[in-house]
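Common to both upcoming complexes is chain A, partnered first by chain B, then by chain C.
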Partner chain A sequence: MLNNIEIVLLFILAISISLVVFSTKLSLQKAYNISLITLSASFVFLLQDLGEIFSTLIQKDIFNSMLIYDSFSLLFILIFLLSSAFLLLISKEYIFDHKYFKVESLIFILFSVWGMILLSMSNDLIVAFIALEIASMSIYVLVGINKHKLKSSEAFFKYLVLGSFMGAFYLLGLTLVFIQSGTTSFIDLAKYISTHEIEQLYLVIVGGLLIMATLMFKISAFPFYAWSLDIYDGAPLPITSLMAGIFKISIFSVILRLFLSDYISLKDLYDPLIILASIFTMLAGSFLAISQDSIKRMLAASSIVHSGYLLIALSSIATIGDSASYSLVFYLIAYFLSSLGSLGVLSMINSKDDVTYESLKGFASTNPFLALMMSIFMLSLAGFPSSIGFLGKFYIFSSAIESSLTPLAILGALTAFISIYYYFKVIASMYFHKNISVLLTYSNIKSYIIIFIISFLVLYLGIGSSYFTYLPGTNDLTEFSKSIINSL
Partner chain B sequence: MILSVMIFTPFLAGVFLYLFRAKINFVKASVLLVQVFIASLAIDVYMGFEPSAILQFESNIPWIPFYGINYHIGLDGVSLSLFMMVALIMPLVSIALYDRAFVGLWINSLIVQSGIMGALLAQDLMLFYLFWETMLLPIFFMIGIYGYGKKEFFSMKFTIYTIFGSLAMLISILYLIISFKVQHGFYTFDIVSLKDTILTHQEQIFIFLGFALAFGIKIPIFPFHTWLADTYKSSPTIAIVILSALMSKLGIYAIYRILFGIFASISLELAHLVISLGLASMLYFALLAINSIDLKKIFAYSSASHLSLILVGLFIHNSTSLLGVSLFIASHALSTAAIFIMIAILYNRRESINLDSLGGIVQSAPLFSLFFAFFALSIVGIPFTSGFVSEILIILGSFEYSSIVGFVATTSILASIVFILNVIKKTLFGKKQEDFKDLQSKELLSLIPLALLILALGIFPNTFLSKVKPTVDNYSNSSKAHYAK
Partner chain C sequence: MLDHILSILIFFPLLAAMLGFVVNKDSIRAYGITVTTVEFILSLWLWYAYDSSVSGMQFMENIELIPAFGIAYILGIDGISLFIIVLSTFITMIGIASLTDTKRVKNMIITLLVLEMTMVGVFASLDAILFYVFWELSLVPMLYIIGAWGGPLRIYASVKFFLYTFAGSLVMLVGMLFMAYFYYQATGEWSFSLLEWYRLILPESFQYWLFAAFFVGFAIKVPMFPFHTWLPYAHGQAPTIGSVILAAVLLKMGTYAFVRFSLPLFPDAAVFFMMPIAIIAVIMIIYTAMVAYAQEDIKQVVAYSSVSHMGVIILGTFALNVEGISGSVFLMIAHGVVSGALFLLVGVIYDRRHTKLMSEFGGLASVMPRYATIFGIMMMASVGLPLTINFVGEFLSLLGFYQQSHMITLLAGVAIIVGAIYMLSSYKKAFFGEVTKEENKNLPDVNKRELVALIPLVIITIWLGVYPKPILEPINNSVESIVQLMHDKAVTPEAKSAIPNLIKDDKLSSNMEAH
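Entry: the complex of A and B
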């Protein structure tokens, strides 16, 4: 008997492969519909697994304990499926309006989602690497699909070269870990680390560092953040959204799993590094974000800052464990909603040039609805109370203080303060000025509805009370984040 | 329940009006209707308010039980005066400025009323922080969209300045609740329970400073006042009235509620520092006001100067001065709201609020001159106005505390007489210029109640003071105990 996730994995894979086979015969419209249905059907299908905490190994006879399906990975899988379906819905007009989107682009999106699903389930260093590369390879291609635009091709090569280069570090690290411990499984590795003295673990430690470097690269943390701005900027908007929002979350899912099982016993060694990375990621991201003119580049730069916040939570995991990890999960949910929404609104603007602060002037008078939605997402990203982004920051800062990293929390508050400037500037541009150039927007009713749903979630999960027991509110989300950590 | 209605009705009405893109006349009428409704509820609450120190009209619903965050609201003697002012002043301002034809301005004024009310009634730190921050947004939009001059810049400056304080407060709140959790094993945001947190002296000072920064910027006290003059100058009148009459008092209220509620001992320990700072900024703002020629700036600084006096009274913290503080919050809110409405009327007719270009109004507009002079003098506190009673109480309290403090406080009140008389002279008297239209019935409709309230509180202060006396005694007993130690 196959369980639900296996069916979903096979289903997406089968659809993707058949799309590849028939790619020449299918119109873009049909391929779009098929991918959308695949993603949303899988989402709905997996919803039935929600509820009880569970943890099962996938096909134990074949894969041993390489793939694990538990409540933790279920949450992430649901996020990937939902957000990629949302992404397709929001950017429908964008996809059809830009001729470089072909059937193949959609296949690559499906493949990348498939890779991410696998990544969040991987329980073994090798599987994690393969899943990571499946997702990354697809995204490399997607970044470069606009082959007539120089910036896009540049981004593609940069990402491909740097990404593969950093991938090699992972492999080296994996080898070192394997040489010493003789295993690549997370569980056995954790056992090995906890039963040996530090003196016997040198290779594991060095290998772990190398693996960490690759993962830090993928989430664009200091000192590996320099690539991200150009690449996020060069990619088409839906792809930026896929990279900055969804892919980053999948990396964090594997980091979290790796850290909570293996890393705990090595915390004293790695913690200072993560703290440093967090400090400089926040500072560098803020510095980059203030100086941008284009909204897309600003959002790309600010996504670096958000990685910094997430690293705060990661560095407090070592001391307080649970409460830091669920604050991290909560923040991931908050971040995915707000970044998906904000980049989604941008992708609904039909403009040849980059949308800048200047060209956004007067947007509220020409398109009050999208301006309002954008403001909500900006407030959430800035961590303004009454949005989910605020609660995310609140949990992260409190977990930092609880693990006696108060200076880090203060620095986080400072960068949040800086972020007020560049996020509020967007709102100010939209509302405070008479329009100078009218920005055209795509008027697809479905995209509007999705944007509205996301903004509703951003607000409702920020203030939603448990008073209405029939509607899951903020508290339920918090408890849910906690329960999935327990399933690890 | 009634308090929840008072908090959320304006907000919901505002959202409703925004979403349905209502016409301006409908918007104005509904805003006024909602505000009058809130005011009548407030009067009802005031009548039912028992003169005792406990929390009344309480409701407590779990919000995020996981972190011990509750939707906990209630009214007591600390918040009573400002509560009444928010409910009463908002409709009066709306009547006075009824010709303003911007839909956004009206809707935002509804939403900000919700925010202030919420922050005022919240008994849970998280809830308080939520309202404290959200009431900033409407002001941000009001200044940025409907303001004057370099409005975009000053709107951003004000917002960023204030949020800086708020983030300092956020860190303090988090530190406090985490310390509480470590000691007691569970999270709570309840202001009363958080009193039991045990902190080292140094931690207390840092947390105190985090809160004080947020409140100090909002009030503002020296040296966090640099946003003040520009913001007032570029704001539309409704925003100025809300900022000066209501939101700045909220800073005072928050010190009263949170700093004295949770950190009573450290507050009293640092009291002499705050009092000296308050006295210094009183004098400083009075001097700034004397040297300004822009009416908005003069009254911005005069308001800041009086707020410093309230702050001094608060930190003196004996029963007399606290009574004075409670009354002064109300009286100052009434006077500043009235005077800024007068300035708006003046600006509408003369297109100038520069002292040098004004003058000669008294000949053609006796009613206007009467009210202007009355409200201006009520700010310095001439007898029969509420300002008089409250200033006397605070000064009596400060002489009880120390004669030097009393002496300096009295002097700076005298300083404010200097510029108020100067303003009256230069605005109203002098050579007659072009004709000045006298007050209309609509304007009188809002100014007469304000004047009557000021007189009523000045002549029969006891009806109000008896309601807050038990609370004040409760607080001052703790300070007595502290000084006895």
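Entry: the complex of A and C
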């Protein structure tokens, strides 16, 4: 008997492959509908697994313990499915309006989501690598689908070359870990690390460092962040959201699993590195974000800053362990909602050129609804109270304080302050300038509804109500984030 | 209904603001006036129902928001917050009633209603996070008011206002997280409830750091020297209504927070930092008075004089005794009424001449006699003339600080007298002498709408100046319990001696028990 996740995995795979087979016969509209239905049906189907904390190995006879399906991965899988379905809905007109979106593009989106699902379930270094590459490969192609635009092709090549290069580091690290420990499974590795002295672990440590470098690259953390600005900028907007919003979260899922299950006993060694990385990621991202003119580039740069916040949470996990990890999970949820929303609003603007602060001037008078939504997402990204972004930052800073990493918390507050500058410039441009904006927007009612739903979630989960007892609120989300950590 | 009156007071304006979107543009002003009047009457009802013999918190509401982290929706008022809430609803009502014809009047009224919600929320919340949420939310409507209706430099002014205050409050947020963490370490439970924090006695060294963190947030809001530079820009660019609310209510958030957070939470640190802060306050009083004297723009004069008076409030607060703190709380109310009125008056003349430069006026007393009279009364009140509202507050504040340091009080007292010079001289420039400018000869006097707004302010100014007891007594009761709490909590002997012990009669100690 197959369990739910296996059905979903096979279902998405089957749909993707059949789309590949019939790609020449299908219209874009049909392929779009099929992908959307696939994603949302899988989401709804998996909702029934919510509830009890569980942890099962997938097809133990075939895969041994390579794939694990637990509450932790379920949360991430749900996020991937939901946000990619939202993404398709929001950017519907964008996809149909830009001729370079073909049936194949949608197949690649499906494949990348499939890879991310696998990534969040992987319980083995090799499977994690394969899943990572499935997701990355699809995204490499998606970045370059606009082959007539120079910037897009440049982004594609940069990402492909750098990504493959960093992938090699992962393989090298994996080899080193395997040479010493004789295993690639997370479970066995954890046993090996905890039963051996540091002197016997040199290769495992170095290997872990190399793997960490690859993962840091994927989340665009210092010192591997330089690529992200050009690539996020060169990619079409829906793909940027896919990379910045969804893919990044999947990387964090594997980082958390690897870190909490294996390398937690070596935390003293890695902690200084993570702290340094988080400090410089926040600073570098802030400096990049301040100096941008284009909103898209600003959001790309600010996503680096958000990686920095997440690294604060990671370093607190290193110090006080599980009790801080829910702050990371919560922040991931907060971040995915706000970044999906803000990039979604951008992708609803029909403009040949980049949307800049200049061209947004007076946007509020021509399109009050989208301006309001954009403001909400900006407030949330900046961590303004009564939005989910505030609670996310709040949890991260308090776990930093709890693990006596106060300077990090203060620096985090400082970068949050800097971020006010570039996020509020957007609001100021939209509201305080008289120039009538010439920006046109797509008028797809579905996109508007989805944007509204996301902004509602941002506010509702930010206010943190347990007043409506029959509706899940922030507290339930917090408790849920706490409980899924236990399923690891 | 009385059980939830605070929630109603907070969310009624918000609800009204939401409904405001569907109200017709022509009737929005009437709608705004109605809503704020209802809100004001509700706050008066709150005052009526308030039991002024009890010093602790009343009308408490407690709903858990995020139990896992000890964040709750806790509301409650005592004598200190009661009158500031009444002041906020009153000033908003007056402000909307006197609102001149502006563009996008609908947006303006909706924004003001949202602002009213955040103001009442700040003064009613007894949970640090809830307080912080309202505190920050109040920035957004103000940012919008300055940014969308302001003068030519409005974007610079609004961004400066926002960045300054937000920077301060982020530091404050870190302080709050620390405080909650210490509470967690001491009790094993997370809590952001202020009343529970009150019970926590912290070691001195922690107090110093936390006091400093909170201080940055509050001092920028007040604004204390040298963080005051955002205020003249904000006032200079803001429309009249923005200045009125900013000066009358928003600045009080900072001084109120000192009384609510800094003093009872960190009594030793408050004693330790008393002298430095008093010196800053005196510098504030003298320096801004001198700057005000040099201004040519009448609105800037009022703006700087308002900073100057905030200095007296700070001085009174850090007297750390009942007279000083009661005086400073009273002065908050007084300053709200007087500076609100002064900004309204400046708005009146600005509407007629579209300039605020004093050199453009002169001899207005003969052209606009009623206007000159009201302006004169308010200016006297601002100077602190006896039998006006400001006098009571200033006198008590200085009396309170006199017990801590004669020298500083003397300096501050002299500075206040010197401060009268700039007010009188600007009054002279604008109102006396010959009517020099042709345009000024036919200026209409204050109209009915303006009178409706100004007359109540004049009445309050004189009434509370002559007979301050109805307000002073409840304030005094609540302040006594705070001072007693500080005395009991203080760790160091210096702090014990600096903060008076009030337990002499049984009534008070039984109040403490109930608290």
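Keep this in mind: the second predicted complex is superposed on the first by the 485 of 488 C-alpha atoms of A that agree within 3 Å, B and C clash if a C-alpha of one lies under 4 Å from a C-alpha of the other, contacts with A are read in each partner's own complex, and residues count from 1 in each chain.
We take it that contacts are C-beta pairs under 8 Å (C-beta built on N, C-alpha and C of every residue); 3 or more make two chains touch, one makes a residue touch a chain.
Predicted model, so just to flag it, every value in this text is computed and none were measured.
Student: Name the contact category of A:Y421: first (chain B only), second (chain C only), both, or neither.
Tutor: both
Student: In the overlay, answer first, second, both or neither for which of chain B and chain C A:F394 touches.
Tutor: both
Student: Just checking: does A:N64 make contact with chain B only, chain C only, both, or neither of them? Give me first, second, both or neither.
Tutor: neither
Student: Just to be sure I follow: which residues of chain A are touched by chain B in one complex and then by chain C in the other one?
Tutor: In chain A, positions 379, 384-386, 394, 397-398, 401-402, 406, 409-410, 413-414, 416-417, 420-421, 424, 428, 431-433, 463, 465-467, 474-475, 478-479, 482 sit in both the chain B and chain C interfaces.
Student: Going by the contact rule at the top, pick out the chain C residues touching chain A in the complex.
Tutor: By the definition above, chain C touches chain A via 63-69, 71, 73, 129, 132-133, 135-137, 140, 144, 147-148, 154-155, 158-159, 162-163, 166-167, 170-171, 173-174, 177-178, 180-181, 184.
Student: Could you please specify the touching residues of chain B with respect to chain A in the complex?
Tutor: Result: residues 61-67, 71, 129-130, 133-134, 137, 140-141, 144-145, 151-152, 155-156, 159-160, 163-164, 167-168, 170-171, 174-175, 177-178, 181-182 of chain B touch chain A.
Student: Which bits of chain A are touching chain B when the two form their complex?
Tutor: By the definition above, chain A touches chain B via 379, 384-386, 394, 397-398, 401-402, 406, 409-410, 413-414, 416-417, 420-421, 424-425, 427-428, 431-433, 463, 465-467, 474-475, 478-479, 482.
Student: What residues of chain A sit close enough to touch chain C in their complex?
Tutor: Of all residues in chain A, those touching chain C are 379, 384-386, 390-391, 394-395, 397-398, 401-402, 406, 409-410, 413-414, 416-417, 420-421, 424, 428, 431-433, 463-467, 474-475, 478-479, 482.
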